[in-house]
Amino acid sequence: MNETVFLAELPWTEVGARIRAGAPVFLPIGATEQHGHHMAMNVDVVLPTAVAERVAARVGGLVAPTIPYGNRSQPKTGGGRGFPGTLDLAASTLSAVVRDVVLGLFRHGVRRIVVVNGHYENIWPAIEGIELALEAIGPDRTDGLIVLRVDHWDLIEPGTIDRIFPDGYPGIELEHASVIETSMMMALRPELVDLSRAVHDGPAKFVRYERYGVATPEVPASGVLSMTEGSSAEKGHWLIDDVVEGLTAAVVREFALEPRK
Amino acid sequence: MNETVFLAELPWTEVGARIRAGAPVFLPIGATEQHGHHMAMNVDVVLPTAVAERVAARVGGLVAPTIPYGNRSQPKTGGGRGFPGTLDLAASTLSAVVRDVVLGLFRHGVRRIVVVNGHYENIWPAIEGIELALEAIGPDRTDGLIVLRVDHWDLIEPGTIDRIFPDGYPGIELEHASVIETSMMMALRPELVDLSRAVHDGPAKFVRYERYGVATPEVPASGVLSMTEGSSAEKGHWLIDDVVEGLTAAVVREFALEPRK
Amino acid sequence: MNETVFLAELPWTEVGARIRAGAPVFLPIGATEQHGHHMAMNVDVVLPTAVAERVAARVGGLVAPTIPYGNRSQPKTGGGRGFPGTLDLAASTLSAVVRDVVLGLFRHGVRRIVVVNGHYENIWPAIEGIELALEAIGPDRTDGLIVLRVDHWDLIEPGTIDRIFPDGYPGIELEHASVIETSMMMALRPELVDLSRAVHDGPAKFVRYERYGVATPEVPASGVLSMTEGSSAEKGHWLIDDVVEGLTAAVVREFALEPRK
Amino acid sequence: MNETVFLAELPWTEVGARIRAGAPVFLPIGATEQHGHHMAMNVDVVLPTAVAERVAARVGGLVAPTIPYGNRSQPKTGGGRGFPGTLDLAASTLSAVVRDVVLGLFRHGVRRIVVVNGHYENIWPAIEGIELALEAIGPDRTDGLIVLRVDHWDLIEPGTIDRIFPDGYPGIELEHASVIETSMMMALRPELVDLSRAVHDGPAKFVRYERYGVATPEVPASGVLSMTEGSSAEKGHWLIDDVVEGLTAAVVREFALEPRK
Amino acid sequence: MNETVFLAELPWTEVGARIRAGAPVFLPIGATEQHGHHMAMNVDVVLPTAVAERVAARVGGLVAPTIPYGNRSQPKTGGGRGFPGTLDLAASTLSAVVRDVVLGLFRHGVRRIVVVNGHYENIWPAIEGIELALEAIGPDRTDGLIVLRVDHWDLIEPGTIDRIFPDGYPGIELEHASVIETSMMMALRPELVDLSRAVHDGPAKFVRYERYGVATPEVPASGVLSMTEGSSAEKGHWLIDDVVEGLTAAVVREFALEPRK
Amino acid sequence: MNETVFLAELPWTEVGARIRAGAPVFLPIGATEQHGHHMAMNVDVVLPTAVAERVAARVGGLVAPTIPYGNRSQPKTGGGRGFPGTLDLAASTLSAVVRDVVLGLFRHGVRRIVVVNGHYENIWPAIEGIELALEAIGPDRTDGLIVLRVDHWDLIEPGTIDRIFPDGYPGIELEHASVIETSMMMALRPELVDLSRAVHDGPAKFVRYERYGVATPEVPASGVLSMTEGSSAEKGHWLIDDVVEGLTAAVVREFALEPRK
């Protein structure tokens, strides 16, 4: 029972011991959101959890339970709320969850927290939640608390993008349910991907503004914003390796840790 | 990919098809809370999720992602916040999560929702969240929406309790990290239980009021409120069967469904 | 004007003097909720207020004004919102009231507070309100503040239950508007009880889950969840004596007070 | 039990009958606030409750439980939070209570509500609470709901002021714990007034702005903003009569009622 | 670029220098609300901003951006929400804005803040916002922070009122869009006033209570609560001079400043 | 008085007439945030207001008062809260302001709203505010309401970027207080720019994650994230023309308007 990095799979005694030893704690934030005909809806949960797990193993950290619901899905970045099964939270709700978990970790003595985000729309509510926690603690009482926040895709190396998209990168803003996410899922949870079902109706060409109160006609009917062609588990491993390496390096540097090998 | 009942492990197309077919949706609510030296902290996540999964399979339902953080752990029912690793939410936060998920399901056309609770302290915030969702929808627009809410332990049959506790039942109020929860975990996730580590310092004898601002000295140091002796996977199966049977019957009756066999 | 224990019936000078002398302050929390055909709707206000008054008199305490509206009435514990006249608060509202009053007492230097609850549904919002107050004060600034919280019925002695229910106790969960509450009201406010109007349509047999969005058919039409037969003022005094003795002992012990006789 | 106008002193059956008969419901809002050396702190509770009781009796109305805690006491109008025993609510808390009670009355079919205020600082949170309730109901679903809001002192006739202050009126803004409130309390609850203890250190001479973060040195040490000399029960009756007459007339006119004699 | 007192028209370096030199910061709070046929809707923005600008210039202060939306317009003081273009905020929203800006100033080291209000309905939400900021800072951490709050019209001298209204003053409570506001606007922004369009349908004769859920028939159709006859830029200058003198004196006295000439 | 497009500079009668004629209403959202040594702090107010003004003039629209405080300044996009004078709002506060203003416009019959944003950090709270307003209205009562939301910089044409940055574009993410904003300010408010004071310590090289609880060392001391060299009023006009053209086209298309010339 004691080998895992998942906090919730350990007894409290072991969690207490690791916290006392200075373990950084990773908090993955995901979403339950459509990811095309060819993939399960838990992509934004699986990816940051897997990254957190791998980095935690490298730096002696713990992984708190992934928040499985994210901030309101938007048409331009996730297809929006119209797709059946997409379940999301108001921004204030997600911020409150992040705030409460960060405060709980702080109460237990954790001073090194890493919020690992897997859903674009979560960025701002996650920031707000972290800031609300810091305000609740009080600026003169943080006792050295540092919270890092990262969107896993930001740690993909440009060289890897070039290798994956030799004909040019459509851009991260369309990378919803597309090659990057699909490849990473194929590497991590192949049983949740079925490329044979992929529908090719993208890439989306969005106008440069947003509409509320009416549908966004530019969203492809499939929910895939860019394309899935060329996805592979191998590419998924390249991507995951980038993110894990990048986050490990960041955590080691920021928290002055000794990485394990 | 299509056999699972877990909504987040399906593509949106399949979720949409099942919702259109009238699938009830189960929302398990858990906690991340100490459960003694001998068990992982995710007991309140594992149990309602397992129950929901089994009942959903019987009635053609879907299971939404389990909320992994619960309402503030209290000394008399969960040991309280002092145990390392216990991570919880303010009541308003948990209510907001429940409200948002129920509203999301309603938007997608779901009219049969079952909230399956695994953590005592969640009862009232879950009720509040459901009521807030109904108020947000409006009393004249619910379109037949029915939300059931159940605490899984309430569906254990008295005869099973008698079989498990031939010398008398300490009472559900002390059943935190004790025989019932331990047995159910042994049946479901034996790798997360190690009875050899169980510490026997209970049962707790609580005063008949609560204290805030100071510690509750009656909480056993182990976090086990009652006792663990006599726990077994076999008993766990008896308990799970009771709950699954009871909840299946309730869902079939309330939603006028045809159960599968 | 100075003999009363009711804070609001004293001038501020006297309140200040008593606070400086270390008076504990009792905060009763009630409800405005149906209690059958035979009783007024203020039962949950009258009972905790009377208990607080008597205990305060014994320990040199003060009683803050009773919060007259409680948390959402639920069908299984209070009949629910369908009964005319039941007026309740959202959980967040009640928590905010409790938080604000506790913070006000703290600002005035009170360090011994006792929340005396008279309505089942108030339990969790009262806890939340106390916790929110403690968080607002800050963990390192409570200056010794202790808040006790009690549900008055929990201090009834088992022997008294046996005397009142020689044929077996239906259980506290059905004790809404039934023998215990009716007897206590007869002892305290006999003019608000008219047993001749009691309607006998119980006891309720509730299913082991809850429904939202639809009515709860098991709620007796009268609003009496168990029964009223056998209620008497004499029994009411037994019950009140139990609670007053029990709470006095608790307060003396927890606050290291000298009780008055 | 059935003669009272106090909703909470009636059984639900009687409340239901009166609501069906069109009874307007009065909601008094008070405060727990210092009112000088010579008076109890519940002045702002006693006065609007008494007014509501008398008017309700004249128009076949009901009186909901008085909210006993008001909005933050301010130095210029109530002495401020520095006086021991003054217990108040954040504005958002009071607004939420008003909103919830108005919504509860509306759910029960009440379409005529009168909010009777006894504490200056309550004006705006009461307005906000009423508006929040109307917004929650929705502008096209109010079904004829009308909510009146009145500050009882606004119904005092100018002629009465002239009779009471033949040498000139210090102005309502200083009438805290002064002749008007003292006289009304002497008429209603003489046991809560002891003029022999009145301290004469006013009237306050406030600057024409407010300070926060520091004390307001202009607040008289006694808490009496103006003066108490000349207070009498007789004057109190004049004042109460004015307010009761004025409010009865308003309610009859606005709700097209037949007043009782 | 450096002569202005408007914080937002300076680079941060200059703002920092002035804050370090002890500059008090003025925060004007306005409204977007009808002010009759003859005036623009920004009266409540223009007036407190102009006052703040002039006083800041006299005392070496800075003026933060004016909050251009105020608390809910009420029929008796601003005509209410029925007039096209009146745009307002919920009380909690305005309080939150005030709280956040005060907290921001405090973080930058400002310890002398003056909230200058131009809209009657803003009084209580502004107070609440200031109090919420002080609570968030914590009572023992304010580091000498003083916040003054003033309604500009309260600094008009009685002698000036007598000069302007030789036939008697209708009272400040009707001074919405009437002689005082019109004259001040004519002095400050004559291009936003067109007296030839003034409609004379007042003064309003309000009942002594308020109605919600229905219209207030006493509101003059023009939106002018009193009258506009006799307005002039000259009188406007008298009024502005009063307020500027009064506020300068207050700020100098409370903050122990040396006024500039 | 009637030529302006600024709603608050018109009398209500004129606003009402234009709304009845179908005028779209523009709501600019700004910030009060450092923009280097060489520019005033109101850049994010000036730019979207100017854009809104120009587009409104072209399409017969109105411009509501600009919200002058934005969401929390972040180090990577605005330098962060450490720069003196940066004053911002919590996300929930800004969302509430947007919600309230959108709801107010809707109440007045406006069905075409355009939120024009000038501050990167505002994106998500603005979305949330719009969504909260739509939820408050109710999905079946929007009566055709459409809200557009745009970040003005997104309407700059790629060709213009190429003309301005012949040596390569540093990227919009560093365009804080840099050539684009500086040029636009030089075109619009030259008196608020002093290029001679520009400090050249950028461009910032940010790590690919964020830190909270500690400073972000990569933020240039000047607050300019990229560079200011090459800024000019001429380029500013190119940029403004792009945005005005782009937004006019969008508004005309989405609202099926006839543009004026």
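Quick notes on this one:
The letters A, B, C, D, E and F name the chains in turn, as written, and every chain counts its residues from 1.
As a working rule, a contact is a pair of C-beta atoms (placed from the backbone, for glycine too) under 8 Å apart; a residue touches a chain by one contact, two chains touch by 3 or more.
Because the structure is a prediction, the values reported are computed rather than measured.
Relative to chain D, the most remote chain by averaged C-alpha coordinates is A. Contact tally for D-E versus C-D: the pair with more C-beta pairs in contact is C-D. Averaged C-alpha coordinates put the centre of chain A at 54 Å from the centre of chain D. Centroids of chain A and chain E (each the mean of its C-alpha atoms) stand 47 Å apart. Rounded to a whole number, the gap between the C-alpha centres of chain B and chain C is 29 angstrom.
In chain C, the residues touching two or more other chains are 90, 92, 138. The touching residues of chain B, counted against chain A in their complex, run 1, 7-13, 15-16, 19, 32, 34-42, 45, 64-69, 81, 83-90, 92-93, 96-97, 99-101, 104-105, 107-109, 191-194, 197, 223.
Residues 71-72, 74, 90-92, 95, 121, 123-125, 127-128, 130-132, 134, 142, 144-150, 154-155, 207-214, 246-247, 250, 254 of chain B are the ones touching chain C in the complex.
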